[in-house]
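Below is one structure; the comments refer to it alone.
Lettered A, B, C and D in written order, each chain numbered from 1.
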């Protein structure tokens, strides 16, 4: 049985590693991902500010720990954008008709459910206008300026897509951070 | 002296007539201008609603009779748009860098200063975004649907210009209506 | 495999499948795109772009929950056809957004996938303005589109949706809005002298003839709103003072069937106001109409104070419901009519349920703080 | 002409010139366009478009009254040069606004007439994002422009403004923001490993060499904000924890001149926050910086609670003024410094006057409810 377990773990590690490598490749430089373990303390105290990258600011909802439509949801610790969960998508899927971004920034967020720190990949969904009534969030735990591009949430991450209009953002677990 | 007086009056009439003709020509159909005298009662009770053609609605200022930055200014009785007076222009001039519209809609507004009804030509200024902090007004005294195009304030009157972005609207006296 | 090992394997596989359990971390996830719009009747709401992109937002007709959108360009129009499954939008794409020459484009999209299925450059004479009824119409067979032009001289661009080509431009000087006949063989438009113009269309979409009606309305004393509802075989319009004009567009010449001054006997100076001023529910024969009191010159765009339920057949105002702030109104074709409304002057998307057993009294059930919303199409 | 007739003529001409008099109607008026921006120092405020056009709004620096604007495209950047008389903006014009290939364009405009004087298509690799310092720079002689690219791999596009051509693309992998040297012969950029890269530029704008500095900052423990201020011959940056880093960019290799942990001794966990976090007033040698208390991981974009006046020479925090809600801050070069600020998270454009005789205490004088405002440039 330890074989099965180790295979499961290896698979997870493999995905994490290849994810980090892919990100590094896409960013065309040494990825900041490799340094994340020691860099970030994880999103212990979730901060939810009424922020604005493009449109009117929205007050963050008083969501529960498990409410993925709320800015204080644990995965959103470095998310700057509209939540796809409030626009017909989910936390891992773009709304219908949008284009999945091919590059991404990442954060390291602590899941209060298992006290693990996860590497979260924030993919933008592209090619359409946002819904202005959607939930806009800005949290920047572990966020860094553009010289650490893989951690930077101030650019339009539809930049490498055919269609560059910013629609909304998802938050995928790509691995365990530590 | 009566010669001079009559010449002045004729000049005014001439401008009004040629203005009306020009408008009719531009609209490519019998201009509604020729019927305005009997049609409209003039902006007796000024209505200032917090309206919106494109952007966020703005409450109309409590301007005095002579305040051309306020929606209840007498000339604005059929104006739908941003006031150029609040965007660096005046009631007869576009802000710097804008393009003067070549077609226009008209209203008939009563000037409380002399109790005359005037034909007002609403020219749009074109080729730039509005300033979203400017005063937006919508009044529709004597306004008519698109089958009376010369009186219609729901279209973008930059339509015949090289640059079709709507910037703001001015209100010119083009003659006495009655 | 002994039962102990088997049980452990099952448990471990369960762990892997339930990544939220404390013992096993969340498994890496896959990034996807939703394949199709959530099922159920849709409400389409246009927001015309004035400084860039506009959008058609799609809400659940049941509860106004958000379902998705289709982005268009500057000053966009919309229509939905084929039982709500195919969308069309015409809008402008200027070279430098606020400046430079425009490319006017007719886009067709699949409502379920929100994917563009046609992108046709049309005449740049295309009407620039707010989304409204009669600016863009598509034949029932989906083969032909008709687009209002205004330079500001008025004409209609005919587009063949099969070939993706503009077929012709039909001048309609002094006339406004396209009301396509049910069989697609003609369209009717309102003219500034109070007559209606009917344009006959050949099988290729070109005009084969045209005829003006008698004078149907008085554009000086009591103009018609251009919004129209299809009622049986006829079109119903309403005037600024509140007179329904029932017009037959079945023949080569439009014909006034009847008028009904529904607001006349009711004190308070009530009149219709807004843009999309009314909606018709066919199963019950009821028109719901946005009304404001103290009507006067220039109040014809005032938002509603009440929405009135009018029985067209019995010529009766059945009920006056409180429904403030609507400039646009659309009604479902359910047996229990649902009214949707927007306020293009401010904000708000509203859903009202009516009660057929209580004279179609309307009650607010859902509300969304949407801004810049205007023309809407109900299921 | 007898004196009676003469007097009457004068009176009539006066009537004609004063159309508001009761006896004579208002004369027909002429439609014009204002020829030039109203005189006086200007404040430039960028609002980057995310669903279409963006805009550079121009306000009077004296009272925030509105003067005019220049519209640009999607995700626009700006810079102003030649003593405030020439503006530049780089932005994207996508084929279908939210979709389709983009044309990235560098536009030059005359600030007085707001007319476009150059429209140059640049590399589509152009950074898409919010307007910020170091994304677009123009040499002092107005001959060369430098544009940050991010695909997200980073490089710099060099544009010859005389010929209107792109000269070259200079890769700066892992580095971000362009800080052009005063003499235009090199630019310096911040890299992810804490070093600065200096790129030497030939007379044609091409790179003739490059050199990395020693490690100047610690990107893991205390990253630098990328906003920079020119202080004398040096560049001043500030770190997330509030340490000024004075960097010389005069040589072929950037060099750390000094650091100053100005917030260290002050209780409350204060740190800089926002985007354009500080502005320098040269006549007095004072940096004004947006500060928030209780700083922690992720609070580096928090808007200000206070603005601190810091004397760089004397290494003293002179005064802490209440100035809430600023994410962007710019300071005039007057002897009596004026601070301008915006809140890109919410709304507001603010003007504060400072008092050099009272330790540069700042007091709010004007406020405008502007939304979507971000990067600003003071006179």
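Methods note: a residue touches a chain if its C-beta (ideal position, glycine included) is under 8 Å from a C-beta of that chain, and two chains touch if they have at least 3 such contacts.
What you see is a predicted model; the values in this text were computed from it and never measured.
Novice: Considering only mean CA positions as chain centres, point out the chain farthest from subunit C.
Specialist: D
Novice: Between A-D and A-C, which chain pair shares more contacting C-beta pairs?
Specialist: It is A-D, judged by the count of C-beta pairs in contact.
Novice: So how far apart, in whole Å, are subunit A and subunit B when each is placed at the average of its C-alpha atoms?
Specialist: 51
Novice: Measuring centre to centre with CA averages, how many angstrom lie between subunit A and subunit D?
Specialist: Result: the chain centres lie 29 Å from each other.
Novice: Averaging only over C-alpha atoms, locate the centres of subunit C and subunit D and give their separation in whole Å.
Specialist: Using C-alpha averages as centres, the distance is 43 Å.
Novice: Could you please state the distance in Å, as a whole number, between where the Cα atoms of subunit A are centred and where those of subunit C are centred?
Specialist: Inter-chain centre distance comes to 37 Å.
Novice: In subunit C, which residues are in touch with two or more of the other chains?
Specialist: 51, 53, 71, 74, 97-99, 371-372
Novice: Residues of subunit B that touch two or more other chains: which are they?
Specialist: In subunit B, the residues touching two or more other chains are 56, 127-129, 165.
Novice: Could you please specify the touching residues of subunit D with respect to subunit B in the complex?
Specialist: Touching subunit B from subunit D are residues 5, 8-9, 12, 16, 19-22, 25-38, 53, 55, 57, 66-71, 109, 112-115, 368-372.
Novice: Given the complex with subunit D, which residues does subunit C contribute to the contact?
Specialist: Subunit C residues touching subunit D: 49, 51-53, 71, 73-74, 93, 95-99, 105.
Novice: Spell out the residues on subunit B that touch subunit C in their complex, using ranges where they run on.
Specialist: Per the stated touch rule, the residues are 26-30, 32, 35, 38-41, 43, 45, 47, 49-57, 77-78, 103, 127-130, 138-149, 154-160, 162-166.
Novice: For subunit D, which residues count as touching subunit A in their complex?
Specialist: Subunit D residues touching subunit A: 48, 50-51, 74-75, 92, 94, 97-102, 127-130, 132, 150-154, 173-177, 189-193, 219-220, 223-226, 275, 296-302, 344-347, 371-372.
Novice: Flag every residue of subunit B that touches subunit D in the complex, lowest number first.
Specialist: 1, 4-5, 8, 12, 15-16, 19, 56, 86-90, 92-100, 111, 113-114, 116, 118, 121, 123, 125, 127-129, 131-134, 165, 170, 172-176
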